[in-house]
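Multiple structures follow.
In the two assemblies presented below, chain A is common to both, partnered first by chain B and then by chain C.
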Partner chain A sequence: MKFTLNGGTRQARDGQTVLDAARAAGVDIPAACAHEALEPYGACRLCIVEVRERGKKRWRVVTSCLYPVAEGLEVRCDTRKIRKLRAFLLELLLARSPNAPYVKELAARYGVSKTRFSRLDDDCILCGLCVRACAEVVGANAIGFSRRGIGRKVDSPYGIDHSKCIACGVCTFVCPTGAVQMEYARVMELRAQGGEHLCRYTLMGFLPDAVCSLNYECARCEIDQKYRAEAGTHPLVARALALKSGVTGKGAPRKKASRGRKPAASRAKRSSGRRRG
Partner chain B sequence: MKPSDVPEIVERTLRLGEVVERLLYLDPASGRRVELEEEVPYYKKQLRLVLGDNTRIDPTDIRDYVALDGYQALRRALERMKPQAVIDAVTRAGLRGRGGGGFPAGVKWNTARRARGDRKFVLCNADEGDPGAFMDRSVCEGNPHSVIEGMIIGAYAVGAREGWIYVRNEYPLALEALALAIDQARSCGFLGERILGSGFSFDIGISRGGGAFVCGESTALMASLEGKPGEPRAKYVHTVEKGLFEMPTVLNNVETWANVPKIVLRGADWYSSIGVGDVSENPWGGSTGTKIFSLVGKVVNTGLVEVPMGTTLREIIFDIGGGVPNGKKFKAVQTGGPSGGVLPESLLDLPVDFDRLAGAGSMMGSGGMIVMDEDTCMVDVARYFIDFLKDESCGKCLPCREGLRALLEILNRIVEGKGRRGDIALLEEIAECIAETSLCALGGSAPNPVLTAIRYFRSEVEAHIRDKRCPAGVCKPLLRYRIVAEKCTGCHACFKPCPANCIAGTAKKVHVIDESTCVKCGACYDVCKFDAVAR
Partner chain C sequence: MGRIETIRAIETSLESRRAAAGFATTPAAPDAPAVETILDRHGRASAQIIAILQDLQEQHRYLPEPELRYISRQLDVPMTRLYAIATFYKAFRLEPRGRHEVCLCMGTACHVRGGERVKDAIERSLGVAAGETTADMRFSFETVRCLGCCGQAPVMTVDGKIYGKLDHLTVGAALESHT
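And now, the complex of A and B:
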């Protein structure tokens, strides 16, 4: 499929998003809530571009992480309008998380270093990567969003129930700002409980029934080191990526991925029963 | 009328055929008594196509609805029309969505009919989240079968077998009325397998709303129906093609559905003759049929008003609504719910239709109409709506969540007398970013109250910022009460009402307000007969 990007003709695969196609062509678009292992989400709005569909007159501002490339689509990534809107979005983001190095660097990259609005000092940018990773990659759904509007935050059920969390650490791994505390909280909880716990790599579905012998001091555990080193990224992310790229054609990846996810979630259930008993 | 009036009515009206003059409706505008309901100014200019039957039928008994030609449109569609003919009729009638966007229903149905999917759905949006709006509630409670019949016809047209009505949880009566109506329709063969002996089968379920304003947004509503959090998702692939459970889905508003049987029964030409514009070639070419408005605020007659599209604001507010009470001056009307715009007196002759309202920076929305008088401060109004929207935003996307916070911050400092030079431009800049980049239409329309306040009431906004003055006398931090010595007669009337005891003065002497202890309640201002209290 052919489309134009900043004036030049490019190729894209059927079903590819503008963001993916642009990145494949080496064009940089900031995208704080997109992750190649996860479904697009459209929350940060930083990935905006202008598009014009074939046969249409009007240019529209759209989010490239969600917008599918179509034959003859024209895309402009760096117009004055986009630069202005993006700078403004970054200014708002900077007001929310003025102390997060990730946010400061991202804003600086696009020329934004100050904000005219009062600061919130919350490091969580609500990109939802953690929540979606926990649901899509792990299948545990241990964290979600609570409250609406400006009060929205990442939370475990009722703010206290960590029982669905398998301490896999994907949320911590994907969080761009280090705001999510779930893995840490769960590990501390397990350590405090003492007794016998399944290894988190068993809960993730990588290792047949193994019991943790180090009281969840994963950093000292060679199993942990081994899987991380082998994957070169978080092992669950690696697995999700492999599942995604392993299947071709539209619609199929989602189904496969969900089948792939099952073990972790169902094991989590089994094991939590066992832990309590 | 009171129970004690009954004997007189029986005696004089029922027995002797006389009119009991003293019980007639007294028109506050003309001071005259009115004999016939149609002659009451409130009803005279209305055309109650959708609401009309509410007073004539018992919503708990399907026979009432059937007696008034109910389900005749369905019979006609099933027996004499191909699905495409139904779609064409709705398109030619020019029916546009009553829930907000004004999207032509026929066009939507046509796309859904053509879209491929194993299952197709028709949905009814009865979430009605606008504060102060209750038109959909009134239709669901008063005439539930009109909505159900509309949905069955729509399902037949697009080829759907399943329908859902998404009802706001705070509407227990509507839930009850709809559930009962669905049961009755099913037992009469209007719903279920092989409807009216045709090959077409369809059924409807009811779902309780998620309880948030944003759940009325189409994609959030569908997420909520799927059992997920009621949050909007981006829809570059439209929900008509991939909606509920990724299947082709038609979502229409209660009032939109209730219009469908009328169109099928009385014809597209009849329907398109009501309203404004020409929809024969282009379904966006006009606004046809009627629209129900919820007329509230500083207006004599409040309530639901149904008028032909194209009726002017002046007719609605003054002829039907009876104007502004207490001899106050009209200042503005807000249309379209919390994210609509405020329109000034100079636009009173604007015909109310989808495109004119949008052109004026407001919108039809679901039909909210709030009238404001001269005692209303437009900055305060904008601040109020942004505050509402900030809490109702789902918080998913950055511009809506953080942008509304920023807007509110600026508006707050303006009403507190801390506005800065350049704040108007800053408000406009934030507004543009929110409207351009938000994920759903909540953010897309949220800046309207601010933008229209700037567009139509700029000098009032400037007075707040530059002169630290609130011309309408609403923003307390900006008010200063003083007594004008030349005007004060020393009548002492203001002395007592002051709750802060900050007025000094004895009879026949000029009084003085101690501004340092004044709580700015305005009691002295209201009580002074000589206009000696200035603010």
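And now, the complex of A and C:
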């Protein structure tokens, strides 16, 4: 499928989003809430581009992470209008998270260094990466959003219920601003529950009791670091990516001594379609 | 083992370990038959979750935690999702409510006719602020935007019954009649 990107003709696969196609063509579009292992979400709005469908006159501003490429679609990524809109969005983000390096850096790239809005000083930009990673990558559903509008925040049910958290750390891994941190207390509680420690690799298959016979604290876990170095990403993210690209069973690092477990592919097939509430 | 079963297995094992280690586990059992009736009425469809929660709230005047957890398990809707819905919509409440619902209008007409003073009087006589419930669970006090009968301003409703032309002296008697 052919489409036009900043004036040049490019190839795209059927069903690809504009963001993916642009990135594949080497054009960088900033996006805070997009992650290769997760479904597109369209929360941050930073990935806006101008598009014109074939046969249409009007240019429209759309979020490229949600917009599917179509035959003959024209895309402009870096027009003055887009830069202006994006700068405004960054100004809003900067008002919310004035101390988050990620936001500051991104804003600086668009010439935004100060904001006209009152500051909130909350590092969470509500991109939903942690919430979606917890649901889609891990399947634990330990955290979600609560309340709405200016009160919206990432929360566990009733604000204190962490019974679903497996302490896998994917949320802290995907968080762009460092707003999500593992509660040390939670890790300690899991440890206090006895020798049968459920580690973050539980969902990659039960790793029965082996992992923390070494008595690692999760933050200093060597196995964790080894897996991460091997995969170049969080192991659970690596697994999700592998499942997504269809290369089942490969890509996701697994413990070598599999002790009669079934291969990861048969165990962890993604449930069909997206979860709907 | 499938993905769902894996998660279930983890949950079960986590829960039993929490209990063994002396940590609080899920409190109080839900009234399962009553919840089942609601679920069946809506075809046990997770798409009907808001209607289900509305029915549940009608029964209890709020959304009790054990019931929510039961629904979460039965419909395979994560608790995070239920909590998100329950906190998103103002109509849903997670705190127990009083036997009588007091709604005082804070709309323009009622404001002009001294609604603010009536509010103070109610808060003094009940000993709670707007949005709260008295300790004896007799009243829940709420301020609303308009009750649609501005001619009677200032207006409040108690369990839907309208009390008009209130002032700080008459409001107490209106509340007293509800036990």
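The criterion applied here is as follows: the second predicted complex is superposed on the first by the 219 of 277 C-alpha atoms of A that agree within 3 Å, B and C clash if a C-alpha of one lies under 4 Å from a C-alpha of the other, contacts with A are read in each partner's own complex, and residues count from 1 in each chain.
The rule we apply is simple: a residue touches a chain if its C-beta (ideal position, glycine included) is under 8 Å from a C-beta of that chain, and two chains touch if they have at least 3 such contacts.
Bear in mind that the values here come from a model prediction, so they are computed numbers and not experimental data.
Chemist: Would you sort A:R23 into first (chain B), second (chain C), both or neither based on which partner it touches?
Modeler: neither
Chemist: Taking the superposition as given, does A:R148 touch the first partner, chain B, the second, chain C, both, or neither?
Modeler: Both partners, chain B and chain C.
Chemist: Using the superposition on chain A described above, determine whether A:G139 touches chain B (first), chain C (second), both, or neither.
Modeler: second
Chemist: Is A:R76 touching anything from chain B or chain C once the two structures are fitted on A? First, second, both or neither.
Modeler: neither
Chemist: Tell me the contact category for A:S156 with respect to chain B and chain C: first, second, both or neither.
Modeler: The answer is second: A:S156 touches chain C but not chain B.
Chemist: Please work out whether A:I166 is in contact with chain B alone, chain C alone, both, or neither, and reply first, second, both or neither.
Modeler: The second partner, chain C, only.
Chemist: Could you tell me if A:L85 is touching chain B, chain C, both of them or neither one (first, second, both, neither)?
Modeler: The first partner, chain B, only.
Chemist: Which chain A residues lie in the overlap of the chain B contact set and the chain C contact set?
Modeler: Touching chain B and chain C on chain A: residues 144-145, 147-148.
Chemist: Enumerate the contact residues on chain A facing chain C in the complex.
Modeler: Going through chain A, the ones touching chain C are 131, 134-135, 139-148, 155-158, 161, 163-164, 166, 189, 192-194, 196, 198, 202-203, 206, 262, 267-271, 276-277.
Chemist: So in the complex, which bits of chain A are touching chain B?
Modeler: Touch residues, chain A against chain B: 40, 42-46, 48, 61-63, 66-68, 85, 88-89, 92-93, 95-96, 116-118, 120, 125-126, 128, 144-145, 147-152.
Chemist: Once bound in the complex, which stretches of chain C touch chain A?
Modeler: Listed in rising order, the residues are 1-4, 6-7, 9-11, 13-15, 17-18, 20-21, 23, 26, 46-47, 49, 65, 77-85, 87-88, 94.
Chemist: Touching chain A in the complex: which residues of chain B?
Modeler: Residues in contact with chain A: 212, 214, 229, 233-234, 236-237, 390-399, 401-406, 409, 426, 429-430, 432-433, 436-439.
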